[in-house]
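Shared between the two complexes below is chain A, which pairs with chain B and chain C, respectively.
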Partner chain A sequence: MIGAIKGLAGVLLAAAMLYGMQRTTPLYSDIISPVPVAGRQGERVDTSAFAIGVADVHLAREVMASSFGRTRTYTTSGVWVIIEAAAAAKQESLSLTSAKWLGPNGVRHALSQRFSAMSGMLGSERLEPGIPRPMLMAFEVPESQLSGATLLIARSALTPLAEEAWIEMTDVRAQDIRPAVTLGRGNRSQPWTLEAE
Partner chain B sequence: MTVRQRLLAILITGIGGTAAAAASFAMAVYDAANPEGVALVAAGEPVDTGRWIVTVRKARAGPTPPTGIEPLEPKTFVMVEFDADNRSAETSNVLTRLLAIDPPVPNLPDPIVYLTRDGWVAGGISPGMPERMIAAWEWPPALPPPRTLRLLIGSQIYKRRDNLYGASGWFDRDPVAAVELSVSPAAAEMAQ
Partner chain C sequence: MTATAANTGERRRYWFSIAALAVVLPAAILVHTGDTIRERLRDMRNPIAVESGTLQRYAGADWRLTGLARLPGSLPDTTVVLAEFEATVDDPKQLAENRCQVALTDDWGRRWEPAFLPGSAVRKAKPAAADKPHCGLFEELSPGDTVMMAESFVVPEDAESLALSVSLSGALPAYLLFR
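Now for the complex of A and B:
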């Protein structure tokens, strides 16, 4: 009788342990996810491959930009977040291709594809080691996801275990939303011009 | 335990296991032989497809794509207006496979999806920002534009751990609903 109870208890214990292990096993996507490197808005963030600093953040309801010689108005159902930053490679030439706006509710907003032809846009030019270059980013984000967000920047969204800069956006407030921002073409050292209304 | 008892136990487990396997196989065969038809929804009715909540609104045909600029050589576009709300945690493109013409039209290229509000090609749609969009099919010149259109709305499911890597992701599934639309010919008023 005692032996049967002991056997049963052993089986139950084993089942509970297996269940616990099954529930707590990290997902494969978590195991190979990028390694975050924490930073803050306005400060330089150093990862092993590149360094980046976010200078200015502009919020706007509309963006005017010239594409193929015509000025177009780009509307959004949320808010445009235009980020002016500077980045440099460290050891080898590379391109930064992945930027995401991680809202306070955990949703990841991808870079807006609507200005992909704009010069200076993230991913449009290669970074050389030791030469900082200005870099532009544009996101369309719901108004509730502005403050308390984190900007995630990596060489590529898919490279396992690569470093990703997690820049805490401390100075983004919904009352700073402007009616419109105009993006224009700049020169070689500053590829764009930005005017806020 | 006697030999007789042991044999009986083996016999019972054998019969039970065989019966379970047979029942499971028969159910699989029955399901394959009698596929469940997709539900027909009315235009303007939201459909939960897993990753998206899709509302198909109306269809029209005409020579002007949603950009408002007619191509140099005249073409016919079949355009379907729909709303989509991303229910996942990440920005995603509205897959061209989300809406499929049923029965399939041979040699029909994938549609291009435009935003209704500014006629620009729709990129990724973010969660919390539902958008109204127009899917535009460039209709083959050999075929007359359709009077009615039957669309299948595709679906996707979320797997926390997929079968290959144990990674989480979204996977295509069978269409969940069909919608029938009458195609209004916009050619007449567009020509003026």
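Now for the complex of A and C:
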């Protein structure tokens, strides 16, 4: 009798374990997802291929961007997050093409493409080893996703097991939202100008 | 069968399983990473060091570095390195089937890829070089033709011991390293 109960308990335990394993099997996309390299806003973050540091974060309801002598206003139903950073390649020439704003609720917001022609935007220039370059990023995110967010930067969104900088945005607060930010064309060494109202 | 005999059998199976793991695990890893290892091996290349100005036979042509000039860069603390080189064709068929890769390297193992367009410094200081094609246009050549090529690189001003590496896909793992 005791043997039968033990046997039944064993079968039930095995079934429970199998069910648990089936439910928690990571997706293939999770297994090959980029390897995070943690860092914080205002500090230099070193991955094996590139280094990046976030200098300033500006929050605004509107962005005015001038290009080719014309100024256009870009509104949003959320908040504009404009990030000024600097990046350099370490061993090989490379381009950074992937940036995401990971909100506290786990949703990833892609880089805004609305003024992607702005000089200095992420992906517009190839990085060379030993030559740090300023880099601009723009996101449109809901107001609730500002504080407690993480900025994810990688060479490309698709490379399996490549490193990705995970920069904790420690100094982003909803009370710092400005009415508007104006982006203009800069020079060769500082490709844009930024004025906050 | 006594308890001791059963224990011995079990213990033997246990140690056999442990020993098998030591073989099976590396084998499984090897099987799964075989492609990566093959790629790494392909990357372990074999440089042919060439002094500036001397001719070197490579991939159906005689190659020579004709100039490695430093020009002022448009960014602060940077230099534009202009590399001019030529290939005198010996076997046009062998040369035409190749993809060319050019890079500038230094002693620290840093590697710069060429700029797509020659900058204003190149056009101003060496206009003739600015018109030379990139490496890789080897179509419709006959033996004895000389292809003149130029590539420019943006490097930090303090980069030293620079060498130009030229590799043709059909001649790998050998590649030219001009000093």
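One rule holds in what follows: the second predicted complex is superposed on the first by the 181 of 197 C-alpha atoms of A that agree within 3 Å, B and C clash if a C-alpha of one lies under 4 Å from a C-alpha of the other, contacts with A are read in each partner's own complex, and residues count from 1 in each chain.
Everything that follows uses one rule, which is that a residue touches a chain if its C-beta (ideal position, glycine included) is under 8 Å from a C-beta of that chain, and two chains touch if they have at least 3 such contacts.
Predicted model, so just to flag it, every value in this text is computed and none were measured.
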Problem - Touched partner set for A:E92, first chain B, second chain C, both or neither - result: second
Exercise for the section: Identify the partner contact of A:G78: answer first if only chain B is touched, second if only chain C is, both if each is, neither if none is. Expected result: first
Practice task
Answer with first, second, both or neither: which of chain B and chain C does A:H58 touch in the superposed model?
Solution key: neither
Practice task
Tell me which partner A:S189 touches in the superposition: chain B (first), chain C (second), both or neither.
Solution key: second
Practice task
Return first, second, both or neither, reflecting whether A:R155 touches chain B, chain C, both chains, or no partner chain.
Solution key: neither
Handout entry: Greater chain A contact set [chain C / chain B]
Key = B
Exercise for the section: Once the structures are superposed on A, label A:S112 by its partner contacts, choosing first (chain B), second (chain C), both or neither. Expected result: first
Exercise for the section: Applying the touch criterion given at the start, work out whether A:P129 contacts chain B, chain C, both or neither, answering first, second, both or neither. Expected result: second
Handout entry: Shared contact residues on chain A - chain B and chain C
Key = none
Problem - Residues on chain B engaged by chain A in the complex (per definition of touch) - result: 89-91, 117-118, 120, 123-124, 126-131, 160-161, 165-169
Completion exercise
In their shared complex, chain B is touched by residues of chain A numbered 27-29, 73-78, 105-110, 112-114, 140-142, 144-145
Problem - chain A residues within the chain C interface of the complex - result: 90-93, 126, 128-131, 188-189
Completion exercise
Note: in the complex, chain C contacts chain A through residues 74-78, 109-113, 154-156, 158-159
